[in-house]
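Two complexes are shown next, each including chain A; its partner changes from chain B in the first to chain C in the second.
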Partner chain A sequence: MSQSLPRGRTVMTANEAAAYAVVLARAQAIGCYPITPQTLIVERLAELVAGRDDVEYANLDSEHSMLGYVIAASRVGVRTFTATSSQGLLYAHEQLHRASRERVPLVMVNVNRSVFAPWSLEPDLSDSMSQRDTGWIQLYCSSAQEVMDSILCAYRIAETVLLPVMVCAEGFLLSHTSEVVDVPDQAAVDAFIPEFRPPKEWVLDPDVPRAFSGLPEPKEYAAFQRNVADAMDEARNVIETVGSEFGSHFGRTKIGALESGGNPEADTALVSIGTIGDSARELLDDDGELLIVRVHTYRPFPAAELSSVLSRAGSVCVVDRASAFGSFGPLGGDVRSLRLEHASAVTNFICGIGGTEVTPATLRWALHQARSSSAARGGLGPMYVPEGV
Partner chain B sequence: MAAWLEELVGEERLLLPGHSACAGCVPAINIRHVLGGLAAAAPAAKTVLVIPASCWTIIAGIWPVNAFKVAVHLTPFASAAAEASAIKAALRLRGLGDTTNVVVWGGDGSTCDIGFSGVSAAAERNEDIIYVLNDNEAYMNTGVQKSGATPEGAWTTTTPAGSPRAGQKKDIARIMAAHRIPYVATLALGSVPMLRDFRAKVTRAAELRGFRFLHILGACPPGWRYPTAQSTEISRLAVESRYFPLFACDDGKWRITFRPKHEVPVREFLETQGRFSHLSAEEIDSIQAHVDARWNLLAGLESQAEMPVPTL
Partner chain C sequence: MKEMLFVGRGGQGVVLASQLLADTLARAGYWVQSFPEFKAERRGAPISAFLRWDEAPIHRRYKVRECDVLVVISASPPSPEIIGCVRPGGLILLNRETRFPHVGPYEIARVPGSFIARRNSVLSSEGRPMGNVAVLGACVRLLVPDGLEFLEQAIVSRMGTRAEANVVAAREGYERCTVQRRVAGDTAVEPATGPAVSGRRQSHARFPVSRTDSLLNHTGSWSEDRPVLTGECTACALCALFCPEGAIARTDHAMVIDYLYCKGCGICEVVCPVRDAITMEEVSA
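Up next is the complex of A and B:
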């Protein structure tokens, strides 16, 4: 028998919040393959949908098959869900590229975990950030509540622009940490997420002899790619609209492109992503000359919003939690690409790799370097924060 | 002409003329009889073809053209079985599960090598799909490289003549039968009696539910190195030499379905193709011994106790 969902404020992990959000969103086809630290999501979903004949739940033989499963189910016009981490995401890499060009509105949770070799179960963002150019919308969360809310928004966003959405949450820090989460009513979610009605010509119909994703001429191949870029641009507005609507519908903070705090006039700005953005809030207690920005939507990159919020900053310190070899970190490189009127330096720090702890002290160290060290300013690459800072 | 043959001549072609398969492509004839057989077995049912990377990625047509009169879902090399499972599942949710055949048309590289895990897993889940292995015994679309289904002794560009022993052809039909699926059969088109056997197996697959595996031999003129006009003759010799025995495992019951009236030594089959032209008399004797041993093994399976498959 399927279990009932919790309602209202309930203590749960981000993995549980993800599973509940997926059921509330009425996902119809769920593809499963276990990997730590994601596994609890698909385990909880299996319990929640057991015995239901309006949901198809499949145990696949790999993440590659699993992504193929949800892509094909989506092609037939049903709402899907899947989740993975780290090696699983990389194993499915080929399917990620394909999903965006097939314009299937998948929603997938990636519970961020460091990448082999050597082995690690601990969180960093190298797994999903290295999938940056696969054409997926990427949302990074900093709380279990945000995981739930992002998934609900993700279905709206994905099904509006017909692009897949990856909701990212750091392993253990979020996946296995219990917090209070406000779970909305099914009726409220139903009012927010309409039934999935994809364009007719987009759906595989046994009565219509159409071939999907056949080999095109080069010009048409290029158009497939360009259409994804256009949809990404369209997604900027859709994310904004859906976020605002979400805020008013559920009476909660808007989930948009980014979140900022502290002194908007400050000379120094700290830009980060994921749970580091949450840790950065503690810096505001004793630093009145600091603006903090947490990027929620990494793709499409919120260039306009960031340029605006950083327009007065003289020194911008960007903290990445993903490895970069031979150039800047994923977030650092993107922020450096912005034209910031008043910024004399955009420095990039890499920390938290392989689950190394990132505390307010780590961030203070980075800020100190950014404010004082000429070596870091305008350098040719990021600075790795030494372990143990 | 027999009435049943006349009916076949008149049946609707679901692979349209003008497709881009090579001259003499046996799989192009085989797929016509798979699609035609399914349509004849259940005229109200529709078929969805799921095609992983292969020659058929191209034969299916230059986008947005479709060479088939059925819906086609193209997939990467390794995920056709999982995607066919998903299509069937999603069609069930849409109330179309009972009226649609979901059919994978996968090559030997896809089935025996890169996608093997997915095929095995779909069989283990007893997904309600028909998986067709279109076996031309090498990676032909990329220009004839060895696969797990390449027979012993065969030349390919990655097993040139004189290279060390490259391995035995994977016995994929028996491997699939070991999954205890409802139906496994081998099919080849080399003569009118073989066509009857072929169509009977497609019909049987259409009647059953669950994972059905059809292993079809698909002679390939450029890959096997023979003149295009000999395609049917070579398919006939493959069966008459017992190089490719026609059998079935239906609900756990093994049966050799076609016992050649006119048996020929395997040498006669091998001699027709350039890929075997380098073989010595001793090597051909060795292949003959392996062919005989496999036939005896299959014959032994006929009297083996039945192991009925679980119902879906």
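Up next is the complex of A and C:
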């Protein structure tokens, strides 16, 4: 395998696109532990950085250690990268809380894979969505191009607000899918992502020994948590600004809070996330009375943007690809929390669990229920789309 | 948009074939999407890969269950279920020298991919012919006749030192592809019922515990080749250690292969330290 980066229009998987983005972003410390379907990212990175003395590539003994490694590396003041999936992400769970609360600007790709038990290699979003309250910014992608672009934006966002960013991409549907990706030049990326300059008091410096994350008074502890929430709020604007700048700098569609399509005046809106939002475009071919919205930034939740784009919809149909036991799906619950001017019903559907197929037929079934069934309206939880509809 | 289904066995380069054709079509100016059906990734297991191409960006993010083109990389003929995935007016391309004596609402084309591979020494690490690239040559002939140079570029870009022989195989596949004419005696393929590519759906169980005795999962039915022990075998049992199915055992200082579970992956042959102690032989149909 070549160590040179492709340029321009090239066929690659989202996993390869991720690896190239990380090299283009000049990550200096890469912490690795393999897990399907993410493994190809760190394998490709290993080939790309082999023999380079300006990049440290570390094989760790678990995802938990891997997160510890990139947190420590970041605190030395270098840009880092790591990637995982499913059980790996869950195993690193406590480190996720630590990374955000210590304000470490990590960038991690989570290739979404269904959660054990029973075993599955196939995609759903339960792994990363169950981490939504760990203080990580979460971006969900719908193409290999978007994975590459989101990673490049993620470094800017993370290093501006000092919060970690998780770039999420469904396994196989993206990770192992080869498609056309436009790879930017190194010089253009260098002009977009400035050198990482962490705050001085934050960096590990052997000449100035200090205690990190010691045992503060309750009030102080609470204030640190509040800082995370404030940084998350600050991220809303930063994501929009970085997205706009990215679009004009690289001549591509802006990646920000969300993407919408179809009829903005339509009475029915379909809100989804990840690749479902891409497949949903097919519905527009024969449904002129539909607005489709794909959420790209899931945390911080784009409440203002969604309220605005959904302000005219009477019926909002929210499709989740994550398990929710005992309440609404993650996205469904969040959309239901919005105050929507004209929505008489926000219905929530769950499909695509464990890699089950989500086709236009799946979404039409959900829309049909949302538009016609009174049973679905205002229920106490989500509806599960039956298989093979 | 055109949709294509590649089928074969793990280790035959099914996924690679789909990716190389995607690259070829992208070089010819199309938008493409190629991805594998991914189960436990083991040699010898049934594998599918999907390919879509279009003049506009592709937004379908689900598997190909009905296709315009079916490409069969393995030498064994496709099942009625797989053939049932082909849309009327579609095309089936087989890696096969002899006629496929069936008819249906599709065209059938053939290319002797494995033969071409063997002749050009395009072999797997176990020495088996890799017919996938010759089959791709035929695909290009049938789908984008001007695209052979793009296929060659895709092969060179992907395969490095192995590119040269593969390019030759691709060119031969391109030349030796034939569309089959119907003859008297060709029969229709019995239509299959039920889902085509993935397993048959069962009623849902309450707990994730298998309902049947795992010993009844006769993986030996997968095999296209099988290892045969010769008199050179020293019964060192290294093969038994590496056999992923646990299908080899030592009894009374001799190795015994349980063909009920041997899926013909050939790992035993590769790890065997004794020359000619294990030979791989084709399983007659």
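In this text, the second predicted complex is superposed on the first by the 387 of 389 C-alpha atoms of A that agree within 3 Å, B and C clash if a C-alpha of one lies under 4 Å from a C-alpha of the other, contacts with A are read in each partner's own complex, and residues count from 1 in each chain.
As a working rule, a contact is a pair of C-beta atoms (placed from the backbone, for glycine too) under 8 Å apart; a residue touches a chain by one contact, two chains touch by 3 or more.
All figures in this text were calculated on a predicted structure; none of them were measured in a lab.
Once the two complexes are overlaid on the shared chain, A:121 sits against chain C while remaining clear of chain B. Look at A:109: by the touch rule set out above, it reaches neither chain B nor chain C.
Looking at the shared chain after the overlay, A:278 reaches chain C, while chain B stays out of its contact range. Using the contact criterion defined above for the overlaid structures, shared-chain residue A:70 touches chain B, although it does not reach chain C.
In the superposition on chain A, A:359 makes contact with chain C only, not with chain B. Residue contacts after overlaying the shared chain place A:142 against chain C, while chain B stays out of touching range. The larger set of touched chain A residues comes from B, when the choice is between chain B and chain C. Residue overlap on chain A between the chain B contacts of one complex and the chain C contacts of the other is empty. The part of chain A that touches chain C in the complex is made up of residues 1, 9-11, 36-37, 117-118, 121-122, 142, 170, 172-173, 176-180, 275-276, 278-279, 281-282, 357-359, 387-388. In the complex of the two chains, the chain A residues touching chain B come out as 28-29, 31, 54, 56, 58-62, 64-78, 94-95, 98, 204-217, 220.
Listing the residues of chain C that touch chain A in their complex gives 18-19, 22-23, 26, 31-36, 38-41, 58-63, 160, 201, 208. On the side of chain B, the complex with chain A involves touching residues 46-48, 50, 57-58, 60-76, 78-87, 89-94, 96, 99-100, 117-118, 120-121, 125.
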